[in-house]
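Presented sequentially are two complexes of chain A, the first with chain B as partner and the second with chain C.
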Partner chain A sequence: MGGGKYETQMCVIIIEDIFGKIVAKVMETILKESCQLATLMLKLKGQMTTVLIKKALTTLINFGFVTFNLDNNHRATYVADADQIQYVISAPRACLIAKTLYGPTAESICIELISQGRLTVSETIRRIKAADESAVWSDIKNAFGELAASHFLIRVPPVESEIYGCPQFVANFDPFAMPNAIMEKNETNSSELSTSDSNSRKRKADSSPEDADAGQYWRLNWVRFNGYLRDELIIDYLIGGESTATMTHLNVKREEGEEVPQVDRTQYITQNVAHLMFKINETRANPLSLENITASVTDLQRLVRENSLDLAKPDIELACQILVDESDGIVRKLGDSNGGLYTVDIRHAIRQICRHHCESLIREQFEGRAIRVMRLLESRHYLDEEQVEKLSMMSGKEAREMLYALVEEGYVFNKPVGRSTDFQPARTFYLYYVDLPRTVRGLVEYNCKLVRNLILRQRHERAENKALLDKDANVQPIIENIRQSDASEEEKELSIKEVEEMYLPGPDRAQLNRYRRSQATLLAAQDQSIRVLLAFKMFLTI
Partner chain B sequence: MSGRGRGGGSSNTMRSVANALGIARYDMAKMMSQQKIEPPELYPKVQRNPVPIEMTTDLLYVSRLKVELDQRMRDSQFFIEAEKEDEIKRYLDKYSIIKREKLDIDMSQMPSELVWRRTSKKEAKESRAKKRKIANDDSMLKEKLNRLEEKEGKNDEEGDEEKPDDDKDSGSEKSAAEEEENPLSDDDNQEEDNDYISNYFDNGEGYGDGGSDDNMDGDEY
Partner chain C sequence: MATIKEEVISELESEAQVMQIVEAAFEGIDMDALTSMTPGLPQVARQNAINSLLGSKKLVIQQAPGGVLRLKVNTSQQIAGTEEEQVIYGLIEESKTRGIWIKELRDGSGLNQLQLRKTLKSLETKKLIKTIKAVGTTKKCYILFDMEPDMSLTGGTFYSDQQLDSELINTLISICGSYAASRRKHAIEANPNNIQLQREESYIRPQEIAQFITEKRILNVPLSVEDLDRILEVAVLDGSIERRADGKIRACAPRSSISPLVSVPCAVCPVVEDCRPGYVISPQSCDYMKNWLASL
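Right after this comes the complex of A and B.
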């Protein structure tokens, strides 16, 4: 845990947005201090009933935001998990990844799992079929299997026994094994249902006594998604531009003979080779491990054949050479075994990404010269004010301005070193230095504040435009009906226009469009800032 | 004298201010009254204009999906709202409530102290089994009566324990031990949808926990 003030606030506001105020209040109490049920009830005594507290707590546990364990006095203690909450914002991005890698059924699976927390395979299938009639049973099952095989889904440990009212979980089990039997559709079992007592009344058509894989719950493996996002970030940094789009493009199964657009051959080669290097790393046990990835040319050749790209050996070697030259120390050549051994230094890459973000922030707030100062200080560690002035070739006044501005925002820090035993100002050196982890910690808090403000602003806009949105929701079914009626095209258009004019006059519609655009911008900003937050957090764990 | 000093002092400062500003003294009062105080700016000033965000297809998809997901979460069973306590019944109330499913989670994965349903599952199962068997066999009456007795006896101690339990802070060991592993949800759901049945059959078991179904319904909403 160990989040600062803004991080806690951000988590609380995320929960409040999707679960409501009650759950948010419970979450806040647990975030501040992990406690037991009795303590929790005491803290929230006047504010809500115990039933609501229990419901809120079960919801949070269901989604994995709160975990529990038995302490020494044999009572269950509840601990909040702030990281899980932050993954909620990157939820749509995870769905996008699943969709581009494995198709739209995988996307529906992800959506179901996100909105329900945890589900068994059978329940997922049932829900998808309820939402979308045309889904094919075997399709869904295959997609599920693929997601599990590439570790994007992980199983919740099954309950083994119960001690002091608290379920104990199985310690060693394979977290990615698919269940052997999945419940078939109810028609085959309806004869059994009518004889058994407890289900002689078939209230809901889908209620079944026991699924074959009941109790085997699956959830999204956010750690793996984070690893994937990290790879994307690094490739973006290395190559830039449309590279990440190509990465997922690479993994999609293509039909035979489909033409790959040959825009720029070098670009194409380098992108693909970089992606392949990361693919080697894909199903490692811990996707967030910071070990270097080593890849030899023969490995890359094998992957090229597997993915049916048209890259010959000299192409691969050329790409590796370019990467080594251009990536500023991230990709290095280790040796010549197996046709050439190359390594990707992940720690270095993340450090570069964070520096890059810091620099762009400085450029936005101050000027380009401030970046010069910062780079100078980073390479030379401790410098006096005069030395900065001399080495950066700026006038004294400018150098002083830049330095003070940087210190104020927390990119550069000051260290007084005394010449004599006392710290008399005239006789101390004031040394400036750059301490990147400290800066990044401050930036993490800043980022959390940013995300929180974005969410609040979105909520505010939603509340303001609520009336308009409701009207729009009412108009849509009418328009649908008109479209499906058997009138000619012209008549349909006319009536649609009439309806729109009646319910949503011009300025209202303009307002609605403006709202939609601002909502899209806010959400996109949230997505981007969470990616940056991810990069910063990874840097702090180095 | 002090007044004069003060008066003298104040007129002195006024005169110096007016001189500094280059306007006549009598104009100052007029200016002060005319000066309107504007509300502070909506957005703080930034030194540079921020770079606008580029909406790639990725981001467009992400934002649309997020809107849908949000809406889904808000309409789901997990969105918990406190019951509004308003004596005045408003006409728009019935249009403003959002229909949600009842909260239904597999409780076997959680500590048993978190179970919020009042009556225990065993009782519910037994009472249902009883209601069904009534139509079947007359000879079952004796069995039924025996079980009723048993249940009433257990019910008294359970009913007393369960109710103050909810108000007390700790979950009792007894109710925890009596809870079975199977999910409560299935049976309880059927129990609550059985409003019809509970009104239809009044087989005299209702003294100890009469109207328990009603109690549960009132509790859930």
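Right after this comes the complex of A and C.
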């Protein structure tokens, strides 16, 4: 199920970063072509042992990077899931979403699930407790329940039976229902822990058969996270970049100092109303559904009350008006029922976002006038050189060169229409047109290359500065020790400085800071690129 | 035997009849059609009438594309000159503002190259016709001296010396944009609490901009509404203004956000096609990346 060349390369590099070279090699082979175990072994013959291949496969299956199914000859075929691998990059963002919505405990649940691939509820609780002793298990359980109820977590289908050695999964079950047995298990578990050591030793020996929810594995529901990310992207496009920001931006300039709350208020109102519009449809059956969101002022008022926001009816109406006015037709007014009916056109929004990225890239690669040509072709569909030249008001030479450059970069395509059957150039019209899906398909590949490069560079930087990082890792415990010592504050400060100077002199520290900054930038760029990639991929499914 | 009484038709009458028919035919009329339409006239009378009309220059004979000769009302102005000059003049006059090429003149008049050149020269010295060069071609066109050439030949206001005046266009586009933007800003400042009014007042009629441009003497020649429309159309494409259904325009909200992709050097890297890990051009050894990360 791999995509193009660069998508495969990106996926392999991501896997290599997590599991190392061997697993990456197996992944690469499967990404290039789905195959059976025997074929896989043949392809990797001489490079690694069968045991290693099998181990690598189990790891990959455990994390959902590889799936399997039975083919017509009853052989299990292993298929790579490239999308699943790409989610690894959005993992920090997923954790952040969980944290903002359901608090730090939810975040640690996500971290555990991402780092382990899949876990049972009890295991998750045990792991979090191991990492952070102050955690209360009922809190963790509640957070788990909340995440599951909002579909951010999903159960891995349990194995039902086996056909030709290939496990069959239960098809019909509620994937979001929390197991009831966690409670019981935890009670026995905690009593075991507190009462006797012999009991716990026994459990270890039996590989914990007493876990009431053993075998009920959970993983992150990426579709749901992506739905959330998509809403975020659209809201960002609606508010963040432009529209309302500029409306208020102009106001900011005018009333500097005197009426600042008013300014913040307009922005506050529009942002909140935009969020609420998406909240209405937050618990949709299919998180990536492309159906329009319809919201009435009455609905919004109800949500305002539920979320105890400081918004009156006129405020909501104003915000809706601003959104309708400045969203390029993404938000539209449908009618006056229920105090005013508004709709958010998801397809249009995604299309606009993709266009925005394309145009941004074009502006950077060429100049403003290339965008003019692009938009002209988009609105008029098929035009020949002369028409482009006339309508874009550029000289013949400029227009031609611009068109050729755009064709070369894959933003514009041309179609020869022959007046005669021989397509002789003199008797052929060359019509130029824009095919956004085709361009976006190219950009997806390009985006993957970009992410690949960012990860490679990040790895390179890490290798370059390895010595420094090791030093830093040595210094930190020493500093920590000094901090905990009984000396006075001043003395501590002094000795900390001394130690730092000794181990990490000025230039080294500067280099370390530079390294940290560049790591942060590279990570941020990866996250942003993956977000754009998500938008592109969503556009292609429209 | 009864004698058929020949109707005596006077020459004047027949002339009037022929004239009427030819006048009615916009594209001219050929002999056969004329004959069938004037059954009352004997052959000789018709011929005489045509000849006298041709002689008095009320009618002319022209060769239609298929080689058929057609009679036509002589609409061209009479000039003092030779027959050839009159014919050429007529053809050029007929082409109106669109001009006519020398090849078309030769086909239309039937004169040979030498005669044609001589005639054209003499007409030019008499200041009756002039030559112009069409935009984008090297073809010479002849046009009456006191005619203004058509837009399709000169390219319109935005051309000087057969060249598109890009600088002028860019100036005009930015003027339109900034005029609309200042109006929008003004509208927002005047009505801080009323979105409806803000919007309504930020819309302007294109004529207003035309007036502004004329007043400020940005353009020496008067800017027609059509020309301004073309400029505005381009400004709309550039995204600086937007147009409402009723033709009014307003400035778009400035789009400040740029795609995050652009901030990564790979987005504009000239050698991105050759970039492969472990080769001469690779992400590890990339100078663009190095500079980018160092500049933070």
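Following the convention adopted for this analysis, the second predicted complex is superposed on the first by the 491 of 542 C-alpha atoms of A that agree within 3 Å, B and C clash if a C-alpha of one lies under 4 Å from a C-alpha of the other, contacts with A are read in each partner's own complex, and residues count from 1 in each chain.
The definition used in the following text is that a contact is a pair of C-beta atoms (placed from the backbone, for glycine too) under 8 Å apart; a residue touches a chain by one contact, two chains touch by 3 or more.
Predicted, not measured: the structure shown is a model, and the values here were computed from it.
Of the two partner chains, chain B is the only one touched by A:Ile61; chain C is not. Of the two partner chains placed by superposition, A:Ala135 touches none, neither chain B nor chain C. Residue contacts after overlaying the shared chain place A:Glu364 against chain B and chain C alike. Looking at the shared chain after the overlay, A:Val51 reaches chain B, while chain C stays out of its contact range.
Of the two partner chains placed around the shared chain by superposition, neither chain B nor chain C is touched by A:Val79.
Shared-chain residue A:Leu318: touches chain C; no touch with chain B.
In the overlay built on the shared chain, the residue A:Thr521 is in contact with chain B and with chain C.
In the overlay built on the shared chain, the residue A:Val499 is in contact with neither chain B nor chain C. In the superposed model, A:Ser115 makes contact with chain B only, not with chain C. Taken together, the two complexes place residues 245, 364-365, 521-522, 525, 528 of chain A in contact with chain B and also with chain C.
By the touch criterion given at the top, residues 240-243, 245-247, 250-251, 254-255, 262, 318, 321-322, 325-326, 356-357, 360-361, 363-365, 368-369, 371-372, 375-376, 379, 391-396, 398, 446-447, 449-450, 452-454, 456-457, 460-461, 514, 517-518, 521-522, 525, 528-529, 531-532 of chain A touch chain C in their complex. Residue ranges of chain A in contact with chain B, taken from their complex: 17-23, 37-38, 41-42, 48, 50-52, 54-59, 61-63, 68, 76, 91-93, 95-96, 111, 114-117, 156, 159, 162, 164-167, 197-198, 200-201, 203, 207, 215, 217, 245, 364-366, 519-528.
In the complex of the two chains, the chain C residues touching chain A come out as 136, 158, 163-164, 166, 169, 185, 188-189, 192, 195-196, 199, 230-231, 233-234, 237-239, 253-264, 266-268, 272, 275, 277, 282-284, 286, 289, 293-294, 296. Across the complex, chain A is touched by residues 47-48, 50-51, 53, 55, 58-67, 69-70, 72-74, 76, 78-82, 103, 105-116, 125, 128-129, 132, 166-167, 169-171, 173, 176-177, 181, 186-187, 190, 193, 219 of chain B.
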